[in-house]
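Structures incoming, each one as structure tokens.
Each of the two complexes below includes chain A, the first together with chain B, the second together with chain C.
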Partner chain A sequence: MGLGWLLWCIALLLGTSVAAAVGARHRPASTLVYGVCLGTSAVALVIAAASLIAGRALTGEVQLPLGLPWLGAHFRLDALAAFFLVVVNLGAATASLYGLGYGSHEEAPERVLPFFPAFLAGMNLVVLAHDAFTFLFTWEFMSLSSWALVMAHHRERGNAAAGYLYLLMASFGTLALLLAFGLLAGPAGGYAFSDIRLAAPSAAIGGVVLALTLIGAGSKAGIVPLHVWLPLAHPAAPSHVSALMSGVMTKVAVYGFVRIVFDLLGPPDWWWGAVVPLIGGITALMGVLYALMEHDLKRLLAYHTVENIGIIFIGLGLALAFRASGMQAAAALALTAALFHVFNHSLFKSLLFFGAGAVLSATGQRDMERLGGLIHRMPLTAFAFLIGSAAISALPPFNGFVSEWLTFQAILLSPSLPQFLLKFLVPAIGALLALSAVLAAACFVKAFGVSFLGRPRSDAARDATEADRWSIAAMFVLAVLCLVAGILPGYFIDALAPVAEALTGARLPQQNELDWLTIVPIAQSRSSYNGLLLFLFIALAALLAADAIHRWASAAIRRAPPWDCGFPDPSPMTQYTAGSFSQPIRRVFGAVLFRAREEVDMPRPGDTRAARLHVRLHDVLWDTFYVPTANAVQYAAQRLNKAQFLTIRAYLTLVFGALVVLLMVLAVWQ
Partner chain B sequence: MDRLALDVAHLFAGSLVLVSFMLLYQDRMTGLINTFAMHALVVSFSVAWQAYIQLAPHLYITAAIALGVKAVVIPFALHRIVVRLGIHRTIEPVVGIGQTMLAGIGLVALSIMVMLPITAQAGTLAREDLAFALSVILLGLLMMVSRRNAVSQVIGFMSIENGLILAATGAKGMPLVVEISVAFSILIALIVIGIFLFRIRERFETVDIYVLHQHRGEQP
Partner chain C sequence: MAIAIDLLVQLVQMSVVLALAPLLTGFVRKLKAHLLRRQGPPLIQPYRDLLRLLRKEVVLAESASWVFRVAPYLVFAATWVAAALVPTFATGLVFSYAADMIAIVALLGSARFMLALAGLDVGTSFGGIGSSREMMIASLAEPAMLMVVFTVSLMAGSTQLSSIAASMQSPEVGLRVSLALALVGLVMVAIAENARIPVDNPATHLELTMVHEAMILEYSGRHLALIEAASYLKLLLYISVIACVFFPWGIAVSGQGAAAYLAAIAVYGVKLAAGGFLLAVFETAIAKMRVFRVPDFLGAALMLGFLAVLLLFVTRAG
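What follows is the complex of A and B.
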């Protein structure tokens, strides 16, 4: 029953998309489209949450006569799909709420409105799809509709290039997934997921499918080094779409990975558990380092998406490692941690992108070096952004801390793994994770401090006004959810238990019956966390401190010469900048990872111009992987260009030769 | 009767491969067209025999079409074209008859190696026929590749079609409609190609496709 309603919701979204294509230029179209999207996603959210909590009662499977005639379109709602539907529709509902306000200052609504509901429908369909054809079709549908949204402001500098790169990487990823499904279906060609699940691929094929899935789903999720399109394309879209792409679409990619590797592929090999967390660790560290070097607010957030995807893949990889060694409970813990982080990241990343969008529409600036002092002009946005920053920096009592803490609990179980490589590798990955968590906190001190604190660095920042009430409402819904998920994690972990049980065969102990809302992932003697107590302690300590200061500190106004160590000159240019903040970290990591070169351009004695400090950063990954690939493609294209100008006989000879070679392969193969 | 039926079917199919080999080394236009007429004749015999042993009367129509159109009408038309083009006396330099023959033998071996294992479940009749048919097709392609004269390429193309008919009749139950439409499309192709030959000839005063290539406007 739930599934039928969900499909009707999706049909309504698609219908809205068509209607918006016709009537996008009319004045109330924006409100109408976002209103319908909000209502539909709210209904879908309720259905998905109900079926996740109710267990088997609302799940179901349906086959529609669409798509390939002999296959049909299979859709299924199970625990995993229900969880990801919650993530998708929560993000969709808040983005629609935000869009009600933000979309009214869109200068070209006909470029956004038709694709927004289609994008939502696409993400929902990917999660529900239950055969390879429907999955790939809806996956491409999702990619293309989001590409159209990236290209909404195609005249702005860099957006067309970002869209092109996105399209390229998306098609490359889908090609990898296509091959993966081809291998999974085997020679019998059973493309329904229920058939694929029955077939048991050999170890070699399993490894190839894992690699292809890592490439296919990973390029969409943004694992290093396939992340390059992400920091360009996500910020190029309108901000609520950026939030959806970063907060939700990357999660749909994670869903694709989980569905294929955990559900369809069968029992894992132990080395999968070494490769996937290692990639996750590298992704997390590189993502946060890139973010630190970035002074564009939205792009910084996009790089943090890369980091958080890394954290999620660490959790997923650990689950594979534990499952391969038969440690079901530990696998359930790691998987729960990863999925909980999926949920949490969708919350705070949407929140942060909404905040960045509010800043962008108030000031027209994305460059942090031209912001500052916004906390006075936009106090509510600043408060919500601060909560999001604390959550993404994994500070208790917010939700980011809980899921990263759970991931660390899983890492701490690694010494009981039988493989020696993993015994040593996993703690090293834990170190990477810890390092990236710390750097993320540093990065958000920079992002919040430079954008919202201090004095305005430009006229636009000085004249900013608070965002509209819809945007504020969307941000505060998410901020409250961040706090709730942080202090009541037990309920969320319990809701994830059916998913973990379906995929690993075990579940975490029931959490919501423990006293004082404590969570105990393994055993009381090992570790436990209580968000509520911590929250009360932090709140109490802060209130007492504030009270003490107000009560006992001197209220007398003193007049004194300004402390001119920091501000001898009242110009805002003398403030600490984002560049200054990240300079120490750039000094530490930059020389190797970014090949950073600093040059001081000193004027000659007697010359009155200012001295300049030039910093040059290279993207080593871009130079290592992408430039040679582009060159190779260019070279091959130039060489193959000759094949456009052959004689008829030469073409015939090519066909003949190809036929003979294929027949020979066939003859040898048998 | 059964053994005999098989043996005769194989005789015809084998003869078709043999005639395909003969096509490969004809260097005069007239001889080439006559050999092609023989090719079509063998095909029509083979199809008629299949009609007889499979008790499938509609195959007689196929055989009649092959005989009428491909063994009589098309060779006749080609003779006229060749005479009107004035190339009936020219000798087409066939490069390396020895090598071409060796390559042809290799192709026959290849098609047998491919076909026999994968058609293990099929009936004996279909198996051998399919292997022979694939050889005829490959030999036709080889001819199209190795010749420079447009007329010989047309003949190579039509010998491929004969191979297809051999394959199709070997398998039981090919609808007559298919065969008629294939034959008809071949006829259309002949007309189109014939017109083209004259157009080419008018323009460039030769039907050597190598010369055609030099006149293309899209040189890099």
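What follows is the complex of A and C.
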């Protein structure tokens, strides 16, 4: 029953999309479209959450006479799909709420409004699809509708190039997924997921499918080195769409990976559990280091998406390793950690993109070096952004910490794995995770500190005004959820139990009946965490200190110019900038990874020209992977160009030759 | 009844750490002065400093926001809570299950995050230099600390400090290479995190070498008092963690009589004094290093912690 309602919601979204294409230029269109999206996503959210909590009662499967005539379109709602629908629709609902206010700033609504509901519908459909054809079709639909949104402001510098790269990587990823499904379906060609699940591929085929899925779903999720399009394309879209792409669409990609590797592919090999977390660890560290070098606020957030996807893949990979060795309970813990991080990241990443969008529409600036002091002009946005920053930096008592804590607990279970390679690898991955967590904190001290604190570095920042009330409401909904998921994680972990049980055959102990809502992943004597108590303790201790001091000690306060060791400089340009903030970290990590070079151009004594410091960074991954590939394609294209101008005889010879070769291949194959 | 005793122990613990922390700092200062053949301030000078600061008015920079005013309270609260959850003289603290060792490290991270933001809030270059360097140091110190946490919790089979202390007392732990590596790593992290020589100098006010002091340069009055108190607590916390994990002898276990608790408090005092003594001798014997040598120092700590974990992983039978 729940599934039927969900499909009607999606149909309504698609209808809205068509209607918006016709009437986007009318004035109330924006409010109407976002209002419908908000209502529909809220309904879908309630249905998905209800079916996740109620268990089997609301799940179901339908087959619609769409798509390929001999296959039809299969849709199914199960625990995994329900969980990801919660993530999708929560993000969609808050983005629509934000859009109610933010959309009125849009200069070209006809380039945004028709595609926004279509994008939401696409993401919902991918999660519900239950055969290969529908999955790939809706996946591509989701990619193209988001591409259209990326190109909404196509005249701005760099956006067209970003859209082109996105299109290229998306098609490449879909191609990889197409091949993966082809291998999964096998020679018999049963493309419904229920048929695929029955077919047991050989170990070699399983490995190839894993690699193809890592390329296909991983390029969409943004794992290194397939992430290059993400920090260009996500920030190019309008901010609420950036939030959806970073916070939600990457999660749909994670869903694709989980669905194929955990559900369809059958029992894993142990080496999958080595490859996937290693990729995750590298992705996490590289993502956060790129983010630290970045001064564009939205692009910095996009690089953090790369980092968090890495953390999620660490959890997923550990789950694979445990499952391959028959440690079901540990696999359930690792998978729960990864999925909880999926949920958490969708919350705080949407929140942060909303904040960046509010800053962008208030100042017209994305460059942090031209912001500053916004906390005085935009206090509410600043407060919400601060909560999001603390959450993404994995600081207790917020939600990001809980899922990383669970991942650490999973890592601490790994000495019992029998494979020697994993014994070496997993502690290294733990170190990578620890490094990226604290570097993320450094990065958000920079992001929040330089943009919102200090003194304004430009007129635009000085004259900024607070965002509209819809945007504020959307940010505060997410901020409250970040805190709630951080202090009451037990309920969320319990809600994930059916998903873990379906995919690993085990579940974590029931959490919500423990004293004081503590979470205990394995056993009380082993490890426990209680965000609620911690939060209350900190609040109580801070209030106690404040009260005691104001009662018995001084409460006097005097405003004065800053001290600054006696030489305060009134120019805001003497403040620490984002570039100078990250300079120590650049010197520690950047010399190798980015081939960072600093050149000081110091004028001779007597010369009045200003001194200059040039910092040169190289994207080593881009230089080593992408530039050679592009050159090779260019070279091949130029050589093959001749084939466009042949005679009819030559073409016939080519066709005949191809036929002969194919027949020979077939003969040898048989 | 047992709960009431546990609760009492928890409250005593919270007050003990708060009461002893300034004394520990005063003790270290006094010892350092003696080692340099100076008289040095009296032992209770930190208490006097705190009281004096609390009574003074706050001079607040014009560009400061609420972050600057709230940060001292949050930093103090987070550090105090973290210190209250470390078993100092007794295990079985009633709230110790609320946060294990990873969470305690992260709590200190929260405090650091707020303080670094406060450093950027006024918009001066010294605040920025302090925040930036503090986060650089933390970016290596915290992973090193987590590696140490991994080591001891893999040995004890738990990340709870109470369980770790109990299992480290049991005879089967014995002497292990991993433990030695982890101890050295943890000491290095403790030195860096507490802004001690050779990483940072708590007594310096020479602008270009400051890290922690630069970050809190704009603070005055009660705000400064809270931040100072938090840094005293942090030093006590790190020495307590080292004592609790590597030298857990003499810790009272829940259910023992009042005499045992009193004896345990005395033993704890001795441990703190020993820790303070070693710190003072070490600080006197060594010179401060350049800021960009610090990553080498902490990188060594990280590698030690990592080696310790790796040895454990490899030697542990399937």
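One rule holds in what follows: the second predicted complex is superposed on the first by the 648 of 670 C-alpha atoms of A that agree within 3 Å, B and C clash if a C-alpha of one lies under 4 Å from a C-alpha of the other, contacts with A are read in each partner's own complex, and residues count from 1 in each chain.
The working rule: a contact is a pair of C-beta atoms (placed from the backbone, for glycine too) under 8 Å apart; a residue touches a chain by one contact, two chains touch by 3 or more.
Since the structure is predicted, the reported quantities are computational estimates derived from the model, not experimental observations.
Asks: After lining both complexes up on chain A, report clash or fit for chain B versus chain C.
Replies: When both complexes are placed onto chain A, chain B and chain C end up side by side without any clash.
Asks: Is A:8 contacted by the first partner chain B, the second partner chain C, both or neither?
Replies: neither
Asks: After superposition on the shared chain, which partner residues are touched by A:635: those of chain B (first), chain C (second), both, or neither?
Replies: neither
Asks: Could you tell me if A:622 is touching chain B, chain C, both of them or neither one (first, second, both, neither)?
Replies: Once the two structures are laid over each other on A, A:622 reaches no partner at all.
Asks: Any idea whether chain B or chain C touches more of chain A?
Replies: C
Asks: According to the stated criteria, A:653 is in contact with first (chain B), second (chain C), both, or neither; which is it?
Replies: It touches chain B, and chain C stays clear.
Asks: Of the partners chain B and chain C, which touch A:428 in the superposed model: first, second, both, neither?
Replies: It touches chain C, and chain B stays clear.
Asks: Quick check for you: in the superposed arrangement, does A:541 touch first (chain B), second (chain C), both or neither?
Replies: second
Asks: Anyone got the angle at chain A's C-alpha centre between chain B and chain C, nearest 10 degrees?
Replies: Spelled out: centre of chain A as vertex, angle of 150 degrees.
Asks: Between chain B and chain C, what is the tightest CA to CA spacing in Å in the combined model?
Replies: Superposition on chain A places chain B and chain C at a least C-alpha distance of 52 Å.
Asks: Using the touch rule from the top, collect the residues of chain B that touch chain A in their complex.
Replies: The contact residues of chain B facing chain A are 107, 110-111, 113-114, 117-118, 138, 141-142, 144-145, 148, 209-210, 212-213, 216, 218-220.
Asks: Which residues of chain C touch chain A in their complex?
Replies: Contact set of chain C toward chain A: 54-63, 65-67, 73-74, 76-78, 80-81, 84, 95, 97-100, 102-103, 106-107, 109-110, 112-113, 116-117, 119-129, 131-133, 135-136, 138-140, 142-143, 146-147, 150, 153-154, 157-160, 163, 207, 217-218, 221-222, 225-226, 291-292, 295, 302, 306, 309-310, 312-314, 316, 318.
Asks: Touching chain C in the complex: which residues of chain A?
Replies: Residues in contact with chain C: 372-373, 375-376, 386, 390, 393-396, 401, 405, 408-409, 411-412, 414-418, 420, 423-424, 426-428, 430-431, 434-435, 437-439, 441-442, 444-446, 448-450, 453-455, 516, 518, 524-530, 533-534, 537-542, 545-546, 549, 553-554, 556-565, 568-569, 572, 574-576, 580-585, 587-588.
Asks: Can you list the residues on chain A that touch chain B in the complex?
Replies: 641-642, 644-645, 647-649, 652-653, 655-656, 659-660, 663-664, 666-667, 670
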